[in-house]
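Before anything else, here is the set of structures, which you'll find just below.
In the two assemblies presented below, subunit A is common to both, partnered first by subunit B and then by subunit C.
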Partner chain A sequence: MQYKIEKNDISTLIDILASVYDLFGPVKTDGLTKLARIKSASNLDLESFNTDESAKDIFFPQYETIFNFKDGEIKNEFDKNRPIAIFGIRPCDAKSFLILNKAFNNGGVNDSYWNQRYTDAMIFAIGCNRPSQTCFCNWVNQGPFNKEGTDIFLIDLGDDFMVESCSSKGDDFLKNVSKITLQNPNPGDLDKVNQIKREAEILMSEKLDLAPLKSILDTQLLDSPLWNEISAKCLSCACCTYLCPTCHCFDIQDEKKPGTNQGSRVRMWDSCMFSLFTQEASGHNPRPTIASRMRQRIMHKFNYFVENFGEIACVGCGRCVRTCPVNLDIRGIIKRIKNEG
Partner chain B sequence: MKDNPYIPIPVRLKRTEIESDDKTLRTLDFTLCDENQAFDFMPGQFCQLSILGKGEAPFGIASSPSEKGFLRFTVNRVGGVTTALHYLKEGAVIGMRGPLGNYYPVEKFKGQNLVIIGGGFAFTTLRSLVLYIFANRKHFNDITIIYGARRPGLLLYQNELTEWEKRDDIKLFLTIDEKVPGWDKKVGFVPVVIGEVAPKPKDTWAVVCGPPIMIKFTLLRLFELGFSAERIYTSLERRMKCGIGKCGRCNIGSKYVCVDGPVFSLAELQKLPEQY
Partner chain C sequence: MDNIEKELRTVIAKLFEEKKIDLVIGYTKGTLPLVSTPIFLKEEKDVDKLIFDVSCGNNLVKYLKRHRIVNMKDTKVAIIAKGCDGRAIVQYIAEGQIKRDDVLIIGVPCEGVVDPKKIRSKTNGKEVSQYRIEDKKIILKGNDFEISLNKSDVLSDFCLRCRYPNAPLYDIFITEPTKSVGTKDEYEKVNEFEKLTSSQRWQYFENEMSKCLRCYACRNACPMCYCEDCFVDQSNPQWFGKGTDLSDTIIFHIVRVIHTAGRCVDCGACARACPVNIELDLLNTKAGKEIQERFGYTPGLDPDETPAMAAYDAEDKQEFIL
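Up next is the complex of A and B:
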């Protein structure tokens, strides 16, 4: 069911959400946009394009305590007081949660830390009226108005938002929200939505069919000189994986206060692009070169993840393209691989 | 936070003993601090041992499910956690997560012959397997064990090996790389000894654990003898953190050594990229 709400009502909506949820939304600080905790709509930034940082940090923090310890006793301090809501992420980031959810709950062992935050979260996503030049969500079975992974989906109509529930959680929310007027859209509004979608479609780069990619990677490219060529200018800096909304590799370390018996076991993002990632104590490293690590990154997203979970671990957000210091463009890599087929 | 897979359970060090003459290997026996806690595992599985403030590292379980009252690990001193484990005093309490990973397919081995081939300190989970077989001996046919190390002092579990030599229901071949005074057993690399022993491939499974170079030539020799890739099993090691298939570093192709392994058949490995 689609409704229309006035943009003026957004601040009321944010107030309602902030009173119930631990609420996150896009904000701009120091010239960079990211998802941050918000209490009101005053610093909400819905105008900027997709945030510079992905939304994964909300459910899978860059650095988090697994447990604290003191004198040999383990104290599990994880304490989430309120469910999390996110307002205003883009469809690519919403989709990334579904991918991460698979990764964190595979093999019959569930990741308590991810699940504690994600399972009862409420996700409001906004469609992308003006996709950027670096967007390629249409390559990975996505699109600027894809509703996967969202509870409530919004489309910016200028003075109003079109609002649609995409889950039972979303249904309940809209049913019980009383301080906001949910208008029934008129035919003109629906025409406008179609017009917006058409214009966004035109701005997207031409769709590339990635279905053949897996078998090309699987059968022809395991030991190809291509990886040396592709990675020749890569610095192995790992910007791409840190900003990627689907990269989920992490490290676990102990941190102890000097001179005491207390500290924490923490987990933090790690990256397959770092040589230490797989470096073994013996000195052996199964992925000793940048080419071998680049191969792992591409293979994981477009081959291994497809093998294990039935879908590509890329949502086409373009952050790795925008941020790479040497202008390595994953779209170019994908095209190169496809040409090998 | 029930069923949190990242929280270790407390275990107490019951016994610690130097295992090799170069003192780099040490065997540690632990007991669960909560004696009522169930700990069911199978030969080939591993645990993450955890020293608060130092970190965690994975180790194959060297004791057998048939041995009650302790869990055994043999630890090579190479880094921070392993050094801390070497310095642990009896009675100390540390953390443990597990059992993790899959195990040797003992059900497949039942009613069949088994050749167990080990090299160096990669004999830990093979000890678990051997003792499991001893405890269930009537379910298995001919058992051949070939175990080699560079020199006698680097063979693990020497007292037990001496006991095993007395058994008439197994064939045990111990070998060292070069002849030393007082050594009256085999001399030569493991693959060479396999050629001498020449186990018959019919109704036989092979389990091979050891350094990569030994594995490489052992496999060649097993193929020459007529073993198929489906009937050869090995156990792999990789750098690990979570041990539950999430942290992303121990994969070989689409398989994670920590959950899809560490035990793989050679046929499975042949489908995966050779490294990575």
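Up next is the complex of A and C:
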């Protein structure tokens, strides 16, 4: 069911959310837009493109303690006291949670740290009236107004927001929200929504069918010289993987305080683009070159994840395109691979 | 700039034709406006892909060692060099990483490169779809705006204090060496920063470094970070934590500053590569200033001069030793 709310009501909505949830929203800081804890709508930035860093850090922190240990005893210190809500992320990031959920919570794997944060979270996403030059969500079966992974979806109509519940959690929330007037949209509003969607579509890059990609990668490219060519300018840093909303590889280490018997077992993001990622204790490294690491990154997203979970591990958010220090554009890599087919 | 590109393409085509080169490391148009991308050109027919303008920010010298090491030992390599690229090459020679004859240096007159962060701030976050340069102005066009700015308002801070716009060594120079656009005192920011109290300075570094994602884009973009086995990539022993704990993050940055002290050519590759806008130049510039003041050494100018940190002189100032 779609409703309309006045833009002025957003601050009331944020107040309500902040009183119940550990609330995050996009705010401008250091020349970037980042997701930060918010208590009110005063700093909320709903005008910018998707945030510079992805939203994954909220549910899958870059650095987190799994447990603490002292003199042989283990203490689990997970301390989430309130459910998490995120307000104002873009459809690509909302969708990324569904992909990460497949990696962390799939029957075989049941990652309690992910589950404790994500399972009862409320996701408010907002449609992209003005997609960026780097957006390519339409290549991965998404779109600027895709509602997957959201509980409540908003569309900016100028003076109002169109609000739609997309889950039972969203239904419950809208049913119980009494301080905001939920108006029924008139036909003019619905026309406006359609017009906004059409205008956004025009701004998107031309759609590319990625369905053939998996079989090309799987059957033709394992030992291809193509990877040398593709990765020639890659610096092998982790801009792409750390800013990627779906990359989820991590390392686990024990950090002991020197001279004591206490410390923590921590997990932190890791990146397949680092040589240390596959460095073995023997000294052997199965992925010693940038080309072999680049192959892994592309294979994981467009082949192995599809094999394991039935969909591509890319939401087309464009962050890797935007931040690559040498403009190694993944869209070009995809096109190049597709041409091999 | 059009003349520069025209002459650049003609010169490179001739070099290929005369079989004097097998590979050119240069710039080509990127996939986004005002963003160029490195290109490794191997054939004469592709010379029209080469560009040189305000978008050519990468320090290409990063690729010089890699392309020599990776199965290109018999390749005759040419590289397009701005002033800072040229200085990095000189430093490579001074540090024994390459020999002067290993590379054909094609100097280009650099009038500065743009800082995408400044552009973003000037357009209020709106995306530029087209740009053109008119003398000292840059005109930016987007979907619903067109603005004309002074070029100096959007040039990188590194360029605004650059004193070496031309490569100190070159085999061929495209058009003519240019005058520096660097109008600012190169140590202006450091001098101001030195006036703060130590707790204010520490506060500043804590604040900046807490943004760090540990993606190592700064290190990997830096031409002087060429160690084949960086301490960051060692696991036995592991020298410091891999997470975002501030003490670990700061160790990484301090070690990098110390290791590039008196070697850093102030190209700005680190700051440009940083995805979270950390001000990475301040500590590096401070280290460079110390080396300059104590040892009178400026890196990247003279391939025959022993680098400051590799030389010893009984007359060196030592008042800092307690």
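In this section, the second predicted complex is superposed on the first by the 339 of 341 C-alpha atoms of A that agree within 3 Å, B and C clash if a C-alpha of one lies under 4 Å from a C-alpha of the other, contacts with A are read in each partner's own complex, and residues count from 1 in each chain.
Just so it is clear, contacts are C-beta pairs under 8 Å (C-beta built on N, C-alpha and C of every residue); 3 or more make two chains touch, one makes a residue touch a chain.
It should be emphasised that the depicted structure is a prediction, and the values quoted were computed from it without experimental measurement.
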Partner chain in contact with A:I66 - subunit B first, subunit C second, else both or neither: first
First (subunit B), second (subunit C), both or neither touched by A:N261: first
Touching partner for A:N106 - first (subunit B), second (subunit C), both, neither: first
Partner chain(s) touched by A:Q195 [first = subunit B, second = subunit C, both, neither]: neither
First (subunit B), second (subunit C), both or neither touched by A:Q296: first
Partner chain(s) touched by A:T278 [first = subunit B, second = subunit C, both, neither]: first
Partner chain(s) touched by A:N186 [first = subunit B, second = subunit C, both, neither]: neither
Which of subunit B and subunit C A:H248 touches, first, second, both or neither: first
Subunit A positions touched by subunit B in one structure and by subunit C in the second: 251, 253, 270, 279, 281
Parts of subunit C lying in touch with subunit A, wherever the complex brings them together: 30-33, 35-40, 58, 62-63, 70, 117, 120-121, 125, 127, 129, 143, 211, 213-217, 219-221, 233-236, 241-245, 269, 272-273, 275-277
Interfacial residue positions of subunit A with respect to subunit C in the complex: 30-33, 47-49, 52-53, 62-63, 130, 132-134, 203, 232-233, 235-239, 242-243, 251, 253, 255, 266, 268, 270-271, 274-276, 279, 281, 289, 321-323, 325-329, 331-332
Contact set on subunit A toward subunit B in their complex: 66-67, 69, 72, 74, 76, 78, 103-104, 106-107, 109-113, 116, 222-223, 248-254, 256, 261, 263, 265, 267, 270, 272, 277-282, 286-287, 292, 295-296, 299-300, 303-304, 307-308
Contacting residues of subunit B [partner subunit A, same complex]: 1, 3-8, 52-56, 78-79, 82, 93, 95, 237-239, 241-242, 244-254, 256, 259, 273, 275-276
